[in-house]
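Okay, structure first, notes after.
Order as written gives the chain letters A, B, C and D; numbering starts at 1 within each chain.
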Amino acid sequence: MTLAGRVVVELVESQVLRGNPLGDPHVRQIPVYLPPGYDSGETRYPVIYWLHGFTGIGLSAINANPWVPSLPVCMDRVVAAGAPPAILVMADGFTKFGGSQYLNSEANGRYEDFVTTEIVSHIDRGYRTLAAPAHRGVNGKSSGGYGALVLAMRHPEIFGAVASHSGDMLFEACYMPDFWKFCNIVSKHGGVEGFLRAFLAMPKKTEDAMTAVNIAAMAMAYSPNSARPPFFFDLPFDPHTGEIDGVVWDRWLAWDPVRMASRYEDGLRTLRLIYVECGSRDQFNLHFGMRALNRRLEALGIRHEHVEFDDDHSSINYRYVESLRRLCEALAGPHGG
Amino acid sequence: MTLAGRVVVELVESQVLRGNPLGDPHVRQIPVYLPPGYDSGETRYPVIYWLHGFTGIGLSAINANPWVPSLPVCMDRVVAAGAPPAILVMADGFTKFGGSQYLNSEANGRYEDFVTTEIVSHIDRGYRTLAAPAHRGVNGKSSGGYGALVLAMRHPEIFGAVASHSGDMLFEACYMPDFWKFCNIVSKHGGVEGFLRAFLAMPKKTEDAMTAVNIAAMAMAYSPNSARPPFFFDLPFDPHTGEIDGVVWDRWLAWDPVRMASRYEDGLRTLRLIYVECGSRDQFNLHFGMRALNRRLEALGIRHEHVEFDDDHSSINYRYVESLRRLCEALAGPHGG
Amino acid sequence: MTLAGRVVVELVESQVLRGNPLGDPHVRQIPVYLPPGYDSGETRYPVIYWLHGFTGIGLSAINANPWVPSLPVCMDRVVAAGAPPAILVMADGFTKFGGSQYLNSEANGRYEDFVTTEIVSHIDRGYRTLAAPAHRGVNGKSSGGYGALVLAMRHPEIFGAVASHSGDMLFEACYMPDFWKFCNIVSKHGGVEGFLRAFLAMPKKTEDAMTAVNIAAMAMAYSPNSARPPFFFDLPFDPHTGEIDGVVWDRWLAWDPVRMASRYEDGLRTLRLIYVECGSRDQFNLHFGMRALNRRLEALGIRHEHVEFDDDHSSINYRYVESLRRLCEALAGPHGG
Amino acid sequence: MTLAGRVVVELVESQVLRGNPLGDPHVRQIPVYLPPGYDSGETRYPVIYWLHGFTGIGLSAINANPWVPSLPVCMDRVVAAGAPPAILVMADGFTKFGGSQYLNSEANGRYEDFVTTEIVSHIDRGYRTLAAPAHRGVNGKSSGGYGALVLAMRHPEIFGAVASHSGDMLFEACYMPDFWKFCNIVSKHGGVEGFLRAFLAMPKKTEDAMTAVNIAAMAMAYSPNSARPPFFFDLPFDPHTGEIDGVVWDRWLAWDPVRMASRYEDGLRTLRLIYVECGSRDQFNLHFGMRALNRRLEALGIRHEHVEFDDDHSSINYRYVESLRRLCEALAGPHGG
């Protein structure tokens, strides 16, 4: 468990998150993995940005677990196996309701800007990076796998390669089944607002609470509404009757990577690597989304790699070496660094 | 457990089911409950038709269970409590894939016709009934609660009152979450057709198999396709990518009682009683459908009664006395019979 | 689903159950399956007694279910396949707390006597039976599989063959894991007595209630205590601390078939057939008990057949043809009847 | 999430673990929390040793989680609320099968010695501690709550106070229900040895694997057997028939804190604080064990505090402030430090 590389935890002070609506901190701890050799050389390195999943923070990616390799441990393995080394930056998109999907939102704050401008600049200023899209990749899991895809397709001026593990997509499959669970759960707290206030006060977030807050957080990301205090979002369904609100639901679908692909095909075509994978028993039905995305990319003639493996959504860190290796190779400089 | 009334099991030979596509029997066993006093008097009685749920048959309604009252036991209780007596007929809409939703379908057979014409005629010929819509009601649970509502709104010339326990409705809430489970399950059998053949051969139908066959049976009922052998139906989704097929899905929605209400408002307005109820913890989200239906009926100004009680979808026979009592009262003849 | 044989429901009036402590009925409905040919001939037939499981009644065995064959349907299959025909009697050992384990108990009543003397006499009086142990078998599932084994080993003067499906045995494996669930559940009702009173009043018995009442019913069967009103039993554990009470637990173990085998080896040796089977994924761990019993019988040199099949404890009626066929063959008279 | 105190990760090189049977590392990473003020003063501090649960390591206690406070965060809260400050040392008792229960074992290695002699000495040498039992406490959760109690009662020469969160005890309640799950799981791997080898090779440890390995690890701790290669332990049951092996089971029970209390009452009486707590819905039935221990301690007249709170076994870090505060107060020096 001793690393060949080393980890520095950066404090990144954000301007765009200052005064965000939820009062979440605008200074974030961002761990940075420096590959073996970084300290003794002069080489510039490609950079991979890692986006954590829902309920995660930047620091989650370096937590120790004897049987679940952390991101730095995965990077060590990749480099030890001979891949060109890279810097790995573990971004942070956490909100007090679990996460921002790395989007700009009037309900949450400007997390897309935070990652694509502020964190990237901070890293390029502070480390010996190859500061160009061709050497910058983005990766993540679950909500982070979502963020990676969306940031990559929307920001070809920043990122030149993307990987996505079990990312949120095909929203009817991954979110809709939880809509009615949400309704049942919030009704025990007298409604949506009552639930969200209760959630903040819980010393321990229960499993039910996590199921419900996830849907609320998605609504904050996909259908914010600045005219609707105190939490500033619209739900894509009626919490009493469970009927879908087509107008709000369409706002969600506009953020579904399966639907976004054709809209952002120019961005996608610029990428050196598009690697998507998902377990074939994903509890959130994300393997279906990955297959649907795969089909869309094939139809558009966009080069990509799609892998489905025999596992589910949980504790699949051992899979990260697959994407990290490919990214290291795709982003390597002319001299392999 | 000894009845005050008595039960006769009728053999009803159907013309419309003869040669049905699934090769299911065209002769069905239909239990008939005759109220206390039937044998010793000359009175004519109203008739309530009971529609069983998915995987049920007509005989299921008279099965003995020390803690779950059968339909005859429920009727006995209702009559003992002073309600005007009625005959209760336990219809049968079973198919080898679990049930027909009491609709006419090119995949299953003509079950709507079977119930509304053949069974009703058979009973009116064989028993001292008040053979008019004003004295004929329909009731059921789950898929039978669905059938009751749909047959009542489509056949005001047959039925004059309806009750529905936990009936299928708001299809996105009650069916859609199982679409992706279906995909996972059938993929283990090499696809939809492989699954359906395997299903027929299973000496015991597993829980997974029941989840999957339910969706297939709904497709046979809601989106049959005579051009698609061997099982003659379209799925409202792609079983590989899980993407919704909007055209087929719209065919399903056309059969959703929540959507049908306005289309059949004339039929609904003729009914002397519309009683709908659902447990507030229904595992299939049917309490949401009931609330949505309630709202539609309110908007249409159609008189009805909507009850939500604290229980779920399973073993709720004790609730049937609520609907049976109301039906007995609504259907009673001028002399209370 | 039409039978080749036919079913008569006998009303058996018990003397030994009259005035039983729980106030359960002393007249029971006992279905009797008469094989094809019974009505047109003069032959005398062997008799198989079937003992239902916990929460069952005699009538449960004839309930209709399109996918779970009833006992008469199973017997039809066995006879149709060429086995010597037999009469099948579906006994009743129900109590208001779910079941008696077919034992005599100061808490429940004298169910062992009811079956072995009263029901057997009633049948031998009323039907053309071969009224001797060599032609009388006993069979059952779960609690009924328990009862079959125990009645057979204790009553070689009555029964000459036994089969047991997934019978209760190796009590530490099948009951003990539920002791602490019991404690948790009853504590919500203010204790054991409060729970049992609440249980009787529940319009629907919840899953938790069934888990808890099962343990109480076992205590009524295995460790009754006439000095302990109102329910007259001792628990083998402290319901507050969950500690095992060794003295009471030993009373239970004295009724464990695995432990009884050596004590009743003389009875067991007289049996023409001992057939025991269990699914290898039994939710109540009964496959372990069956293996332990198998080992004991082997050590005692008692001839028997032990089968383990790939299924669990639920809806395994399709397995009954295995035991019924063997019993029909073992019990057949000199002329194969 | 910025700490008032700070954390140093010590590398402790063990002599007693060198060459341990499982080949686990003999150098362990031990995080040490130094309270606010430590760096700027000369004061000596009491020390609390924290023992992690099964599958944990020393570093687990400092992992970041936005909603589950780490041990350093809990200590910060305790100190901020005015309790006398203490050093908190996060010990490590991990093995490749999940954990050692902090005992000396021929199957695992000498973890009791490692904690009570080597780690304690290392800390007393390296930090300004109050190096006497009166100022040394031990605490932990789950397997660590077990270890805390056992080490405290066996080592009054080392520890002067103990707290235990949801510790393993009343072994029949907390372990026995999993014995038969173990048998089912290992049988899929061809037996115990096959399972353990497969476990080591799994890139991800499944839930089933964790259930089974837990029982194996307990056997390595409670019933090691140096004569039984390759894993050197006896099981307290027959993995085929599920029958309990009374001799081995008695070896387990000898390590049950409920049974140990009277044997170690002298040690227990020396402690300044015995604080035990458990959630009233503990999934492993540990609230029963805590109640049983409470009753034993009461019977022995040993002063202690027993708390039961409304929660289960998972993510209950927010409870740790209760025990840490009490320990800080009990262990404080004459001048409150």
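Things to note:
Criterion: a residue touches a chain if its C-beta (ideal position, glycine included) is under 8 Å from a C-beta of that chain, and two chains touch if they have at least 3 such contacts.
A quick note: this is a predicted structure, and the numbers were derived from the prediction, not measured.
Number of steps on the shortest path from subunit B to subunit D, with steps defined by chain touch: 2. One inter-chain figure worth recording: subunit B and subunit C are separated by 36 Å, centre to centre, where each centre is the mean of the chain's CA atoms.
Averaged C-alpha coordinates give centres for subunit A and subunit B that are 46 Å from one another. Per the contact rule defined earlier, chains pair up in contact as A-B, A-D, B-C, C-D. For subunit C in complex with subunit D, the residues that touch the partner chain are 170, 172-173, 176-177, 179-180, 183-184, 240-244, 258, 281, 285, 288-289, 291-292, 295. Those residues of subunit C that touch subunit B in the complex are listed here as 1, 29, 55, 57, 59-60, 63-68, 94, 203-205, 311, 315-316, 318.
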